[in-house]
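Chain lettering (A, B, C, D, E and F) follows the sequence in which the chains are written, and residue indices restart at 1 in each chain.
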Amino acid sequence: MPVIKIDMGLTSKEVKKELIEKVTKAMSETTNIPEQHFTVIISEGDADNFGVGGVQLSEMHK
Amino acid sequence: MPVIKIDMGLTSKEVKKELIEKVTKAMSETTNIPEQHFTVIISEGDADNFGVGGVQLSEMHK
Amino acid sequence: MPVIKIDMGLTSKEVKKELIEKVTKAMSETTNIPEQHFTVIISEGDADNFGVGGVQLSEMHK
Amino acid sequence: MPVIKIDMGLTSKEVKKELIEKVTKAMSETTNIPEQHFTVIISEGDADNFGVGGVQLSEMHK
Amino acid sequence: MPVIKIDMGLTSKEVKKELIEKVTKAMSETTNIPEQHFTVIISEGDADNFGVGGVQLSEMHK
Amino acid sequence: MPVIKIDMGLTSKEVKKELIEKVTKAMSETTNIPEQHFTVIISEGDADNFGVGGVQLSEMHK
């Protein structure tokens, strides 16, 4: 049942594959809940869609 | 006021239209809150962006 | 894999039980995805924690 | 640490930039938490992906 | 339709009331969408439930 | 900037502390983004508030 939603920038298929494996492993080992019960959702966004400290991320990286 | 967010795979306009109708109806009938108070948000993602049991969905369907 | 997150006011166990059943059924029938693949998460909040049109819900119901 | 997630329709880079600035400012002034601690995430969706009162938004604007 | 979800620490009713007003106002002015279309959800959590840079917030404030 | 939201059952402070550390580490190693940029939010819920396959979790564990 635990659901992990990750909001992050645009990411390759391979990195997303590895994130799903490693985050699920970390969660399972720490909670002793078997891996099959975990769902991971990766929500990608453009740098225009994120702000930290009131500054749009795409503006930071100019 | 209730807000229903649905994270799912890529879905056609017609199916999304029907989901919005049926999920709102199910919520309204069960809670006795009139339908007009419900907001539904459908967040679609590619099969690369979902993992179940530590396995990337796009890898499962190979 | 589809995950449905419901943000709503404080709700009884029985109503939450029925919501889980009916929303899952509505989703499954509409998408032809078997019920066992659906996860529903109900996130309850106090009327102080919701605002519609800029007005705190607990203020509306005075 | 506060994280603000905004689900809305398709929006230009400039409007998103201004939203990040103004929402962070409003949050910081109200909570007295310095701006640098705030993260804003804007999740855009097509009008097909939103429903209000059981009606798909794209159907409303026909 | 736009929905704003705020994840933050435990907060008083008055501050939440002001947040709802000011964030809705900032969103409405920036997008030219009338205030009545906005929903704000505040999800409060204990300092144990937040981590920044891998450190639990409650551990930072010891 | 990446934000990780975890929806799960009621969990002790120590386990949450370890989850924050391990999930951040797994994310950082996989993406090569320094740990300080990651925010983790743990949203705990009662077994009444989760459903899998249309069944309320608290009903499963009777």
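In this section, a contact is a pair of C-beta atoms (placed from the backbone, for glycine too) under 8 Å apart; a residue touches a chain by one contact, two chains touch by 3 or more.
Everything numeric in this text was worked out from a predicted model, so none of it was measured.
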Intersection of the contact lists for chain C and chain E: B, F
Touch-network distance, chain B to chain F, counted in steps: 2
Superposition of chain D upon chain F: rotation angle, C-alpha, nearest 5 degrees: 180
Whole-Å separation of chain centres (CA-atom averages), chain A against chain D: 19
CA centroid of chain B to CA centroid of chain C, Å: 12
Shared-contact residues (touching 2 or more other chains) in chain D: 1, 3, 5, 7, 25, 39, 41, 43, 50, 52
Chain contact topology (line, ring, star, complete or other): other
Contact pairs between chains, per stated definition: A-B, A-C, A-D, A-F, B-C, B-D, B-E, C-E, C-F, D-E, D-F, E-F
In the complex with chain B, residue positions of chain A that touch it: 5, 13, 16-17, 20-21, 24-25, 28, 35-44
In the complex with chain C, residue positions of chain A that touch it: 1, 3, 39, 41
Residues of chain F defined as touching chain C within the complex: 7, 43, 45, 48-56, 58-59
Parts of chain F lying in touch with chain A, wherever the complex brings them together: 1-9, 11, 15, 18-19, 22-23, 25-27, 29-31, 50, 52, 57
